[in-house]
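Chain naming follows the written order as A, B and C, and within any one chain the residues start at number 1.
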Amino acid sequence: MSDFDLIVIGAGAAGSRAAMEATKAGAKILLLDEQAEAGGQVWRAKSPSIISAPKTPETIAGDKLRSDLKLENILHIVNARVWQIEKNNDDLWNIGYLNNGHLHNVTCKAIIAATGAQERVIPVTGSQLPGVIGLAAATALFKQHLTTPGKQTIVAGCGPLLIFTAYEILRLGGKVCAIISLNSKTNWAKASIDMMTRPDLLWRGATWFAKITAARIPIYWQSTVTEIIGETHIESVNISAIDANWSATSHGQKNNIKADSLCMGHGLNPAIEATKLADATHIYSPELGGWHVKTDDFGRTDKAGLYAAGDNAGIYGAGAAPYRGKLAAIAALQFLNIGKTQNTDKLVAKMKSAAKFGLATTKLTILRKGMIENTQQTAIICRCEAVSRQQLEAEISSGAHSPNAIKSGTRCGMGPCGGRYCNDVAALINQTISGKTRQQIGLTTSRPPIRPLPISAIAQNFDYDDLPIPAPAPL
Amino acid sequence: MTKNYDIAIIGGGIMGCATALHLAQAGMSVILLEKDDIGQGASGVNAGTLSLQIKRVKLMPYALKGHHEWQKMGDKVGFVKTGGYTLAFNEREAKLLEERMNLKREAGANIEFVSPQILHKNEPNITKKIVAVSYCADDGYANSSLTGQYYRNLLNHSSVDYFEQSQIIKIDQSDKGFNVHTANPQYKAKRLLLAGGGWMKQAAALLDIDLPIQARVNTVSVTERSPKLISNVIGHATGLLTMKQKANGSILIGGGWQGTGTPNDGRGKVHSQTVIPNIQLGQYALPALSALRIIRSWTGFEANVPDFYPLAGALGNVPNAYILGCVRGGFTIGPYISKLMGDFILGNELELPLFDPNRQFTQTGK
Amino acid sequence: MRFFRQTGSKIKRSQLVEFSFNGTTYSGHLGESVTVALAANGIITTRITHDGSPRGAFCFMGSCQECVLLIDGLRIEACQVALSEGLIVQSIGCLIAEQKAKGDENV
């Protein structure tokens, strides 16, 4: 007997929809999310410190999602951090999670992993300094706290988050000193043709550009941050024009811009820790944000009873996420033999149509091959363990070519974040030396816990006499 | 024409690498084939404990020599001689500790019993619920994650040809020697050494030999960096806890708790029902662990035969084929027993005897 | 430098409460994340790495581990903790310095 038919991990746009769909069909489900409220990153809720604030399209959609979840009476545990996923002896999934300082173990027949995406930031010298935050990080800060990261902020990187971040700072009343965009105006013009599928969103994007233009914010098109200067925090930023491969050109325009904060991001990576731990197959597709869990249109992975919905199965964006959640729920319900079979052709078509917009925005963030050349030897790749590009290159050049071997030799990815922010960059550096494809390079072996696990929770209510001590080792 | 090597070594862990280096130094042409990466199996993921208090009585002479080898390897493998305490929390464990440590002392380990007061003077953060303690000044640890880097560098500076990501799919035998097939190239060698670690059963099966090998799935966990909490290697009378604080401040918790999976399914998996009690036992011994977080748990395969003694010698029914593995305490003993193995292959006189792999296996618990 | 809680006309925030960081008293809004409360008070360095370089909050969603602090005695990502009255917050570096001051040379 399992505790639940289905456990959904992640209460963002995809996971929430999956949970609602499965509940409606009569499945016994549990929705786990590590944030304090449902909504994921796109529809992140305001902190309890905000009593009232102007509504935005994101807050309206997020509030609707949260009230829908309440209406469905879904068993939704917030602040729940999944640390372990494994199969038990009865071939059920066993999920370990931490909630408010306590450990819990629950079993289920099926899992939908809807763990979303995470930020990708390609480091340069100084990018580890306080005052430098990610673009997605900045949007979390705005949505949750209506707070800006400084008095003089530079916004740098690529894709729609770049423009949204600049717009949000202005909307909230902050100051943007410059926008440093890897994308060219032409890139944006081309992307907007693909974005015609969602005229409403395209129009919103146009209003962001309009506000930025009206505020006379300098935009450096086809440029990149080459270095961040500062001792204890960011003081200024060096920028340079780039070539078609996104590599800083020696003859191009160079500038130093003073700032007390920098929001920088280079697209999103699917968050694959959960599906990796569950042993599903993952594949590398640059147009989908890099490594993602391999699924069909219904989110079926190659592990029985394991489904994935949303950006962790490839960055299709927030528009497609609810459809992907619903499709994964339908597939999981079929596996569970719950509810009626339904015609899903229309739903698949809707998902694919919605995905077009997301794919067009993701396309703006596909890293071109010169990007990694902007990362200096002294740049810190692994923030946790302070490992530089130079150290990585020395290890790779001595013959350590697999991600596990590089990690062991340099400690890159051995810190508390678990390599979440450095594995991708380490592999880009590996490519420049080994010449292998990302698929050939592969991934590090998955290790629990997915997030650091407090020993205080593990040791709680522990009685020494209950310790299951096996027979001692042979003498 | 393909080169005909003097020996092909299957497996690039400590034993495969150390034997390869020893043979190459003696003038043999050596090829080493590793299915994954150098030193990334048990050699690179074990807890790194170099403790005489957890070595088997009969293997003690090998462990003492092994310690000496690690000491010589020094900083490059993060070797530190810290001393080690083994704790007993109740009368039953105290009795076990006394029995076991006395035998190990008789076998040559520098083990003494000390009072809880002495323990707490040197390790003030260890729990006060102590009934008995043993101490060995020779105990310490090495940083197993540096094993791969260490041996790869030595191999790079040797005459050994080595290939990683080279899984063996077939071995042909003839009177001239062996044809070793990987997915792509084949290699020829006059002799063959199986040093496949956790994957030894699979390696031997390529020669149609069925060895009664079981793979244990040992679990290790590590905390984030912490201010200094312990200075010595800490063990438990049952052998089910090893704990040490590395130079970087992180605390490593092991003790042979069993994960799940088999070498056939790739890497093993951490099992919540064993990793939790492992960490609980660690926290019981060191209450201050409560302020820290576990950032990673993992497993490594350890191959064993029923009598838990090594397989080290010539394979009786395949001429010119040798085997080295299944060494309980293989991390400690590995660098030394590999030299013995090398000497055996070279026909040199042996400092200590090897362990006939063709012996009859009987179950042993004691 | 510091973070700015924006004060547009329609933004209303909760009451201010006091908390301590490394022994000094600060104030912040009830329910905001400890990371934001600190940064709004000008504290943007949350940890010093083993090789002495400063780090600050980076992801604001509980995954990068850069803002892990000792909050009421437990190590936790400060961006995931809601501020409450009297919260005792300490940096890990401060904890080590304290132990050194107590005469523990091993730290």
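What we mean here is this: a residue touches a chain if its C-beta (ideal position, glycine included) is under 8 Å from a C-beta of that chain, and two chains touch if they have at least 3 such contacts.
Computed from a prediction, not measured in an experiment: that's the story for all the values here.
Comparing per-chain C-alpha centres with the mean over every protein C-alpha atom, the closest match is chain A. In terms of C-beta pairs in contact, A-B outnumbers the other of A-B and B-C. Relative to the C-alpha centre of chain A, the farthest chain centre belongs to B.
The geometric centre of chain A is 24 Å away from that of chain C, both derived from CA atoms.
The geometric centre of chain A is 38 Å away from that of chain B, both derived from CA atoms. One simple way to say how far apart two chains are is to compare their mean CA positions; for chain B and chain C this gives 43 Å.
Along chain C, residues 50, 68, 74-75 each make contact with two or more other chains.
Residues of chain A in contact with at least two other chains: 415-416, 452, 454, 456. The multi-chain contact residues of chain B, meaning those touching 2 or more other chains, are 224, 291-293. Those residues of chain B that touch chain A in the complex are listed here as 36-40, 44, 54, 56-57, 89, 96, 100, 103, 145-149, 152-153, 156, 164-165, 223-224, 237-240, 256, 258, 260, 267, 269-272, 275-277, 279-281, 283-284, 289-298, 308, 328, 364-366.
Chain A makes touch with chain C in their complex at residues 34-36, 41, 47-54, 79, 81, 101, 118-119, 128-134, 136-138, 140-141, 144-151, 172-174, 232-233, 260-261, 380, 383-384, 386, 415-417, 420-421, 451-452, 454, 456. Against chain A, the residues of chain C that register as touching in their complex are 1-8, 10-14, 29-33, 36, 39-40, 44-46, 49-51, 53-66, 68, 74-76, 80, 82-83.
Here chain C touches chain B in the complex through residues 50, 68, 70, 73-75, 95-96, 99, 104, 106-107, going by the rule given at the top. In the complex of the two chains, the chain B residues touching chain C come out as 224-225, 227-228, 231, 248-249, 291-293.
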